[in-house]
Every structure is written in structure tokens, then in C-alpha cells.
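Consider the two complexes below, in which chain A is the common component and chain B and chain C are the respective partners.
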Partner chain A sequence: MKTWSARWLTQNRGFAGAILLFLALYITYNFMHPRGFSTAVLVQNSNESVAIAFVAMAQTIPVLMGGLDLSVGAVMTLTSCIASELVNGSPAQMLLGMFLTLLSGAAFGAMNGVIVVYGRIQPIIATLATGAIAIGLALLVRPKPGGDVDGDLNWALTNTVWDFVDTYGGNPDAGWLAPFANIPVPLIILFGVPLLVWLPFRRSVTGRTIYAIGSAEGAAYMSGLPINRAKIAAFTLAGFFAACGGLYLAIQTSSGNADTVQAGTYTLNSIAAVVLGGTALMGGIGGAIGSLVGALILRVISFYFRILDIDPLLQPLIEGVVLLIAVSFGAFRTLRVKNRLELFR
Partner chain B sequence: MNRISDANKPIVIASVFVLVILLLGTGYTLATQGTMPLFQPKYLLQQLQTGAFLGICAAGMMMVILLGHIDLSIPWTLTAAAMMASTIGGPWAIPTALAVGLLVGLFNGLGVAYLRIPSMIFTLGVDTVLRGLMVAHTGGFSPKDEATPLMLYLAKGTLLGIPVAIFVWAAVSVVIAGILAKTGFGRSVYATGTREGAAYLSGIRTRRVIIGAFVTSSLCAAIAGVLLAGYSAKAYQGMGNAFLLPSIAAVVLGGTHILGGRGRYVGTLVGVILIVLLNSVLSIMQMPEAYRQIIYGAVIIGMLLVYGRNARITS
Partner chain C sequence: MTTKLKLTVAAAAMMLASTAAWAGPEVVSGPGADPGCFAPWDESTTYFQWPAKEGPYRVAVVNGFVGNTWRIQMIKTAKAFSEDPAIKDKIKEFKVVSTGTDAPAQLGAIEDFINQGYDAIVTIAVSPDGFDRVIRLADRSNVVLVPFDNVLDTDKVMQINENQLEMGRMYGNWVVDQLAAQGKTSGKILEVRGLAGNSVDRDRSIGINEVLDARDGPWERVSVVGNWDDGTAQKVVADAIAVHGHFDAIAAQGGTTGVVQAMLDSGHPMVPIAGEAENGYRKLLAAHSGDGLKGISIGQSPGLVAIAMKAAISALEGNVMPQLIAVPLPVATYDQLEDGVNYWTDLPDNFFTVNEFPPCGVNITGPAIMAQDESDVN
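Now for the complex of A and B:
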């Protein structure tokens, strides 16, 4: 009889590996950094990780279904352009702007879902096309890079809790605040949104159906699970997470930029982060939190280039080799297979 | 009226759509300028010449998609082949490019067939590594080396009044279509793409088939790289980026199933022509980039709604 923890480990081997790899990389990084383990370093690192982590979580949900969403990067770009237009003015206007930004991302995701479910087009191709549409819309919203995001908001959300309270007129030195004062706000956003959105969703019938579809769609259908609802929900949630990334990117950079190359890079990195985080591309295994860790691993690797004296020209090469080696760990499965037929699925 | 078989339906519909694009574009030019450039052979040949790069990439991509895999390493395989060719120069330029393609294809194939890493992620990693190698090789700038005269001729020269690039595309097309329709390897590709386990049990060496398809894809990307470097007189950073997604779109618009096993080469050809003409009509109309992207996406969705729908999974 296995204990609870041993069973968890066998079921989440990829996720556990990702956490260990991330901790090892990040703690080593802090030891090597001249100002390691300081709030400033943590704030800067978490700021740079938010957008890619959200896009990676967005990608996870269609992947869990055995699909793929090639539009997540484009939706992030579109929503960051929308946010760069809307998030300013009075606090109420800013909140409305943020709400509309997230709503537009979710709506775009829902459109993806409707096309996939009722159009019965393969997700990878449908989202390839809607990704182009998202870039087109982003160019309409913001033909030239730029934007006007509230400066206070930018400062408050990209620094520590202390600065957040300070910006909005509270007493940052209040006693009850002391334990939290040095936590970066982006870190709270990064872990708060998935905790509030993803974990409850995963436990719902719709969330479980997504896993069931990824394991065996026919069996899920025969069991009477709400397939169509789950698929549309999966893409809607993907759009929502991508919009969270876009909104944060716009606030962080105080601007929007309808950049096709950036959108493509984010989409491709999101796939890499999903795989690193222990989610199977075939579907059915994994989760958004794993992809969050996967995205953090990708980011930490790029942080190393700043402290190590590596020729900048070699950086893309090292990034690529590390990515290739990391995904090749999945190949150990093939060495353990006894019957070669198990390889073909 | 004759019934059109399922395999040919996408090709027929896509061809009709190509005609619709031509007619709409001509209607526009007649109304605004009183000319009809879209029906002038010279203009069409020029469009096909620039379409040759996409066409050759799509031909290779089709082999991989028929297996149910995908090759995301095309952009930097193309760029690496072009850069190495112009670096080596002289008579060995084109063999060097092909050797780059062969090596990348073998590496992709080994990773996907033997290590069983999903092609989506493995080829993505290979693409990143190739980019890194080329940045290290060139220092991040466009290399100064010029394309060789042979590369220039292949890309820009004309033979019997027809651009040589179109002949190259035609040659690649004949080879790929021949492989798919006439050889055992071609049949193995369809069988492996339909159900790899069954193909393996029937005695097909599916791993070698996968390697073969990835080598074909990378070789095609390398040829496209040679042509593109000749067309622009030299290789440059990111020259392949514009070909990845359109080549997937062209293959799928031509009726090849993205999960593998089904599709005809003629379809891919029609798909490429569709995308090339759509782009040229939109540029004649001086359509802003924003609307271009939207129309481009809407056309892909619209076409697939007509003929690319999957069966419902109910058991």
C-alpha cells in the first residue's frame, strides 16, 4: 500500500521534476548573483516572468484536451494593445478598462472554442487562423507602438506590496503589513490568479471533462460528459489567461505593441513551458501550475546570462541546447517500454 | 453531374476559390485603373516566382504533416542553409546548403522516430538551436557574403521567358508527387500517418519512414533557402520566418489532414497558389496589414468550414 505522497509523486513525476529543477536553478542563481536573495532581484525577476507564465498557463488548457492553441501569443498581443488604450483615467475607468481587456481576451478564446466545437476544425489550424485575425485586430487598435497606461498603476503593480500600499495612500509601515511588505506584487498576481481561477475550475465537472477528453474523447462522450461545454470553456479560459498576460505586459511596459514576431515567440515559448512543466502534449496529464513552473524555468535560464560572463552571441545557442536537452528527458519513457507497440499512439 | 470524390473535393473547392480571387481582383483593377494585370501572363509568372519559395517549403512540410507530425524547424533550416551556402560560396555553395538540410532532417527524424519526442516540441528546439548557431556564426548581422552566380540564376534568371525559380518549384513538385503516388516509401508515409501501430505490424519500418519524411522536409527548406538567398542576393537573419505558418496553411487548405494519412500533392499546390494570389490581390488593393491579417485568417477558417470539418467523435 503506497502512501499518499508516494502516489502523488508517481502521478505527477513531470511536475515534481519541474519544481526541483526550478528550485535548483533559481537558488543557485541567487547564490551567484552579487545581490542575490534581495527584494530588488526578486521584484525584477518576477516582473519579467508574469507575461510568459500567464501565456504558458493559457496554452496548458487546450493541450490538456489534446489540442493546441497557436493564438495565445497573438491574443496576449491583442489584449496588451487594448489595455494600452483603456487602462488610464480615474480609478473606476482603469478598473473598467482592465475588466474590458480581460473580457475581450475571454471572448476571443470563446470564439476559438465555438469554431473548434461547432466548426469541427482541428484546434491547431483553427487557432493558427484566428491568431492572424488577433494580430490584425491588434494592428487596428494600435497601428503604432505606444500607449498611455496610468503611471501610478504601473509603479504599484510592478513593485513590492510596500510600494503598492504607499502608492494608494495607505500606511506602508503599518504593523500588520510587515510580514508581506517585501513580497513583489507581480508574484501575488502570478500565483493568485491561478489559485482563484484554475484550481476551482479543475475540480469542477467541466474541468474534469477537459482531462477526460484528453485521455479518451470517445469514452468521455459515452460517459455523458459535457464535451462541447468543456471545449468552449477550455479555450475561453485560455483566452482569459492570455489576456491576463497581455494586461500585465501593457501595465509593465506602459504601452502596447502589435508585434507579430513577439506574438509568435510567446506562443512557441508557451509550448516549451507546457512541456517542461510536465503536461503531456497528447493530453490528459498535467496542469496549469506545472506550466507556470515551466515558464519560470525558461526565464531563469535567461537570467543566468546576465551574471555569467557568456558571449552574448552564444546566448541563443545555449538557450536552444538547454531547451532541447530538457525536452529530451521525456525520451526515457521509450527506454523503459517493453513492447514496442506501446510507443505508437 | 459527376460526383467528386472526398479526396478531391478540397482541391476542387480551393481551385474555384482561386478563380474567385482572380475575378474579384480583376474586377477591382478594372474599376479603379481600367487594367487587368491578374490575367497578364507576365504578372502571373512574377507572382508564381515569388510563390516558389513558399511552394517548396510547403511541399516538404506536406510529407511531415502526412505522417501526423509537424516541422517547426523550417524557418531556421532555410536560413542556416542559405547562410552556409553564401559563406562557403563557389561551386560548393548549393551542395553545402543541401548538406545542412540533410543533417537537420536526420537530426529531427532521429529525435522524433527513435527518442519519440513529440515533433512539435523537438523541431521547435532544433529551430532554436539553429538560430543560436547562426547568430554565433554571423555575429547577429546579415552576412556580407553574396549569393553565388548560380544561386542568382536559379532565383532570378529566366529560361524560355519563364523564371527559373518556377522550374525549380516544378521539379521539386514532380519529385514529391512522384514519391507520394508511385513509390513504396510514399505508400508507407500514408500508412504510417494513418495508424503507425498497424503500419509497423504490417512490416513497414515506420521509424525510417519518419526519418525520410523529415529529411525531405529539411531538404526542401534548404532548397527554398538557396533560392531566397539568390533572390535577395544574400542571406539575412530571420529570412525564413515568413514561411512557417503559411506553408502549414497551404498544406491544410489543399485538403491534407493535419493529423496525417490523407491528402494529395495537387491540393498543396493549389493551396500555395491560393495563398500567393490572395496576398498579391490584397497588395494590389493596397490593403493595410491589419485587414490583410484578418482576411487571411478568415479565409482559412471559411475554407475549412466548407470542407475541412472532422467527423464527430461519438465512441
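Now for the complex of A and C:
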């Protein structure tokens, strides 16, 4: 006889741990920051977290099937370059540009899925190759860094709701707006997209099939689940989330930059964020929201270097050690198992 | 707790309201302070003046990528210079962070230091674009933001650099001159490029190709990407030599030690070369110039960070400053090399030989910095 909350906790131990770790780290950071708990700090922190959080969510979905997508960072870079060409002009043109950016990311993801399913190639190898293709396309679209994403859009989407309304000619001091005025727009985007896209998807047959593939692909196949459809859908959704990250990155920087190194960094960090967020690399357990929190943890660790006095050349080392400790929390359950066979679950 | 939260939110809102009027530097007419050190880029360079602030100041360095010798030497120079008697009393707090090659993280770090109330932020931008938001925020709080090395494509901030386009042109002119001396007016030239997507790589490459387009020719060009890294450059040059057999000259943006090493390993004849200021490259030039490795070495100095810090403090004191500050190019040709003066046989290959700028009072030599251990620099 378990209560509802106790059952949720046993099923989402990694996720719950990630949330606790994030809250502990972030609240401490705010106490130490001279302007902690202010809107300005929250806006700044959420801005720098959006792109990596979306890429981490993109990575989650192939990982849930027991695969890795090494192209997510590259797709983010490609779509940010596309957005830097398309997102300007009249509001309608900008919206069309955003739509085309997201569409191109999803299409690229779908291509990954088709290659994996019908080419019967391991995801990690297939996406290693397509990631290089994405970078190549990004360099074609934008051989030199630049582009002119609308300046107002940049300001409106990287600030609070107050500034958003103010930029687009509304009355930012309207009474009905007061409760929301200080919420950063990037936070709304960051939580809004997964709520609207990921949660409904997870409940669908295709979504649940992804979990089933990660747990036991053979059993899922024998049960008549739509395996191929689910795999293609998983990579398509990964491409879509990576494109969300790319679109935001382009708007945030008002430009595009086919930065190969940055693409690689984002791919690797996305894997770290997925693990931090409680998703098992073997597949079958976890979810995109966990990875979102994982990405936030990754970011908060680096926030500390700005308020503490740490030798700059030691910072990467300390970041790595903290990351290792954080990831090790997930291994604590192995200390409590009564039967060693449980480890293989 | 909640009251503190509300108070800070209210304070932040008030700050937003009261500083909504555009602050930031005023565009004034020159000349600027200390022109020997802060030389304007060209005649069209405008001048900035910030309202003078009381010192001592809080200064932060926001680096991007870390992990090559140049950046490590740069960080060590920054720390050593912050302890320099000429500047020590003017700095209250000094912090260095490296964000990695990650634009949002770098923008966030800059914004964080603005929020923390720092007076000046010196940065190597990870991308030549995309800083509009932090520039706006810095101006609003009268924070002096100084990009150097990889600068921004904007004239709204004070920036410091060596003229990369000019450096590229000098690379190009050098190889064409050397080939002309051999009686060659056309041939095949290998260009070794730097990190893609970077303004320095772009400008140096434009400079090299501009000269090759304009002078003599036709020059057949082969371009490989060496990422300014000895290992990568050595590999790609070895590949290029294997494929193309022979080049008449090489123009390398960086990783030059690796480039020459690849030539030696493959038995490629020693040809005219243009390259960076790595100690290893200069050692090889000194050793092989007699065999035909007639090279020029022009370097981007890690000491730029010290000039950027000095410029930031000068701006905070209310001095008139050029918007774009040009630091003279440190050039050495193969016949000017002297052991212990502009290269060091007893020091590792991968540190950068040019570090000091006497007109600016930046007198920390590369070897002096690399010789110190961590604890002394701290």
C-alpha cells in the first residue's frame, strides 16, 4: 500500500534528486550573489540556459531508446544559422522564418530517423555522420558569422514579460499583467514548449513505444508496437527540440555562427545533462523534463565561478569534479540493493 | 525572506525605470589619452568618453575558450598585470572566468558581472556578433566593456586588437616577395587557416587572399584548416603535401611549428613561409633558414589583455579613448631572430614569443610568465 506520492518518488528517483540538487545549488548561488533573488539575475540565468536545455531535451529522446544522438549540437548550430537568415522583416515574415527554422530541424531529425531505421545503422554512428553534414550545411548557409535577426525581437524575448509587452507597444503596467510582469520570457519558452509538445507526446502510443524500445526492444516488437514509427518520431522530435535551441540562440545573439567547437560542446554537455536529469543511458527510464533540470544544474555549477574566487586555470577541473560527484548520486541506489540482480534492471 | 525578495524586485524595477534613458559613453572628438599606448585604428576612428568614476574599480576578465598555450599565457598575463604596481591600487577586485566556446554562457557571464556591479569587463568574444544585449545592459549601468583579440563587428564598444587584416596582407606580401626574389611570379601556395567561424581567421584569410589576387600570379591556392593548433596543422599540412606533392610557399595563420614539422617529416623542400609567433616556429626558422625556410613571424600577443585592462581603467577615470585601439604588429623575419631576445631555445615550442608592449608599460615577458609557477602568479 503505497501512497501516490511515494509511488511517484520510487519511479522518478533520479528526477527528484536532480530537482533537489538544482534547488540547493541555485538558492545558495542567489544568497551569495550581491543581487541575488532579483529579476535581473533570473533573466540573465534563464537566458543562458535555454539553448543547452533544449539540446539536452533533444538528446533525451534517442537516449530513452538506448541510443545516442551525436548530431543535436550540430542541428542546433545549423538551425541557428538558418534562423539568422530568415527571422527578420515584418512580423508575419518573422513568424514564417521561425516556422521554417523549426521545420528544418524536425526534417533533419526525421532524416536521422529514416537512416537509423531503414539503413539499420547504429544511431551513434549514423548521427556522427549526419552531424558533420549539419555543420557543413551550416557553414554553407553562413560561411561568416553574422546575420540580422530583428533587434526588437531579441530584446523582447530575452527579457521579462514587462519588457516584452513594452517592446510591442502594449501597456506593460496593466493591472492584469502585474502577477506575470517579472517572469522572464525565456523561462516561459523553456517550460512552455516541453509542456505543450513533450508531455502529450509521452502519453501517446508512439511516445510509450519509445520507452518500451529502451526497456526491451524485442519484447516491444513482439507486442506489436510500432517500432519503426516510434524511432523516426523520436529522432524527429529530437531535431525539433534542437531547432528550438537553435532558434533561441539566433534570437538571443541576433546572429548566426557556424561554430564547430560550440556544436561539439553542446552535444557533449547534452549527454551530461541527460544523465544528471535521471535518464538512464541504457534507455527506458527518464524524460525530457529531467534533462531540462539536468541542463540547469550544469549551468548553475559554472555560475559559481563568477562569485567565488577560484583560479581560472583550475575552473574546468573543478567543474569536472563537481559534475562527477553529481552524476555519482545516481549510483547511490546500488549501495542499498538487497539482491545483486536488481542492478541489471 | 519574502520581504527581501520583494525589496530586491522593487529595487530592480526602480533601477530599470530610472536608468531607462540611454547612458553609456559619449562620442567626443580626439585626440585621446596616452596615444603612444592607445593608438587609434585609423583617421576615421571615433572617440568615447565615459563619466569619470571614483576608483578603485572592480574588473573582470571573461574568457571564452581555454586550453591552448596562448589563452593560458593570456590569463597568466592578466593576473600578473593586475598585481603590477602601476595598476594594483586602482583595482579593488579582480576576477577571471573562462566560459568555454559557448556564446550563451559567455553572454551570461558578462551579464552576471554587470549585475554584480563590476565597473569594467574585458572579454575575448566567442563570436563577432550577438553582443547587442549585453552592450545595451553595460551602457545602461555605465560598465566599460572591452572586447580584445576576437573583437566584435560593432562600433558601439571600445575594442582593442592588432590589425588582423594587415597581418594577413603582410603574410601574403612576404611570400610573394620571397618568391619574386627566387624569380617566381606564379605557383602554388598553401594557406593554413585557423578556427572556422572566427573573425580573426576570417580577416587574416581575407588579407592573404587579397594580396595574392592583386600581386603577380596566377597563384593556385590550396586551403586547409589547421585550427591554430600545432597537431591539427601538422596533420592537415602532411595530408596536403601528400595530395599535392609540392608547394611554392606556405602562408599559415597559426600552428606554424606543426606546419614546418610536417614539411620536415615529408621531406618537402624548405620554401618561403609566413606564420605566427610560436617559439617552436622561430626555433625552426633559425635552424633552417639557410636551407630556404625564409620566414616571417607575426604574432597576436597574449599581452593584449594587459592593454585592454589598462584601457578599461583609463576609460573609467574619464579619459577620452579611441573606440578602436590598434596595437602595433610585432614582426620578426628570419634574419632578425636572436636567441634569448625574440625566441628562446630553452623554452617549450608552444608558447608565444611576443608578450610585452613597452609604450604601454606592459613589461611582462612571455618567458618571465611561463617561468613562474602558479602560486607566484596568484
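Here is the rule we use: the second predicted complex is superposed on the first by the 330 of 345 C-alpha atoms of A that agree within 3 Å, B and C clash if a C-alpha of one lies under 4 Å from a C-alpha of the other, contacts with A are read in each partner's own complex, and residues count from 1 in each chain.
We adopt the following convention: contacts are C-beta pairs under 8 Å (C-beta built on N, C-alpha and C of every residue); 3 or more make two chains touch, one makes a residue touch a chain.
Small disclaimer: the values here were computed from a predicted structure and weren't measured.
> Which partner does A:Leu324 reach: the first (chain B), the second (chain C), both, or neither?
Touch status of A:Leu324: first partner only.
> Would you check which partner chain A:Met98 touches, where first means chain B only, second means chain C only, and both and neither mean what they say?
The answer is neither, since A:Met98 touches no partner chain.
> If you stack the two complexes on chain A, which partner ends up touching A:Leu313: first (chain B), second (chain C), both, or neither?
It touches chain B and chain C both.
> Can A:Glu217 be said to touch chain B (first), chain C (second), both, or neither?
After superposition on chain A, A:Glu217 lies in contact with chain B alone.
> Looking at A:Ala272, would you say it contacts chain B, chain C, both, or neither? Reply first, second, both or neither.
first
> For A:Leu341 in the superposed arrangement: first (chain B), second (chain C), both or neither?
In the superposition, A:Leu341 contacts chain B only.
> Is A:Ile124 contacted by the first partner chain B, the second partner chain C, both or neither?
Only chain B; A:Ile124 stays clear of chain C.
> Classify the contacts of A:Gly151 with the two partner chains as first (chain B alone), second (chain C alone), both, or neither.
second
> Using the touch definition from the top, say if A:Leu139 reaches chain B (first), chain C (second), both or neither.
both
> So which positions on chain A get touched by both chain B and chain C?
Of chain A, residues 139, 261, 311, 313, 315-316 contact chain B in one complex and chain C in the other.
> Spell out the residues on chain A that touch chain B in their complex, using ranges where they run on.
That would be residues 68, 115, 119-122, 124-126, 128-133, 135-140, 143, 217-218, 221-222, 261, 264, 268, 271-272, 275, 281-282, 311, 313-321, 323-324, 327-328, 330-331, 333-334, 340-341, 343-345 of chain A.
> Quick one: which bits of chain B touch chain A in the complex? Just the residue numbers, please.
My answer: residues 72, 111, 114-118, 120-122, 124-133, 135-136, 139-140, 195-197, 200-201, 206, 238, 241, 245, 248-249, 252, 258-259, 288-298, 300-301, 304-305, 308-315.
> Along chain A, where are the residues that touch chain C in the complex?
Residue list for chain A touching chain C: 33-41, 44-45, 47-52, 139, 144-147, 151, 154-155, 158, 182, 249, 252-255, 257-262, 265-266, 299, 302-303, 305-307, 309, 311-313, 315-316.
> Touching chain A in the complex: which residues of chain C?
The contact residues of chain C facing chain A are 4-5, 8-9, 11-13, 60-61, 63, 65-67, 72, 75, 79, 95-105, 107-109, 111-113, 115-117, 126-133, 136, 153, 195-199, 202, 374, 378.
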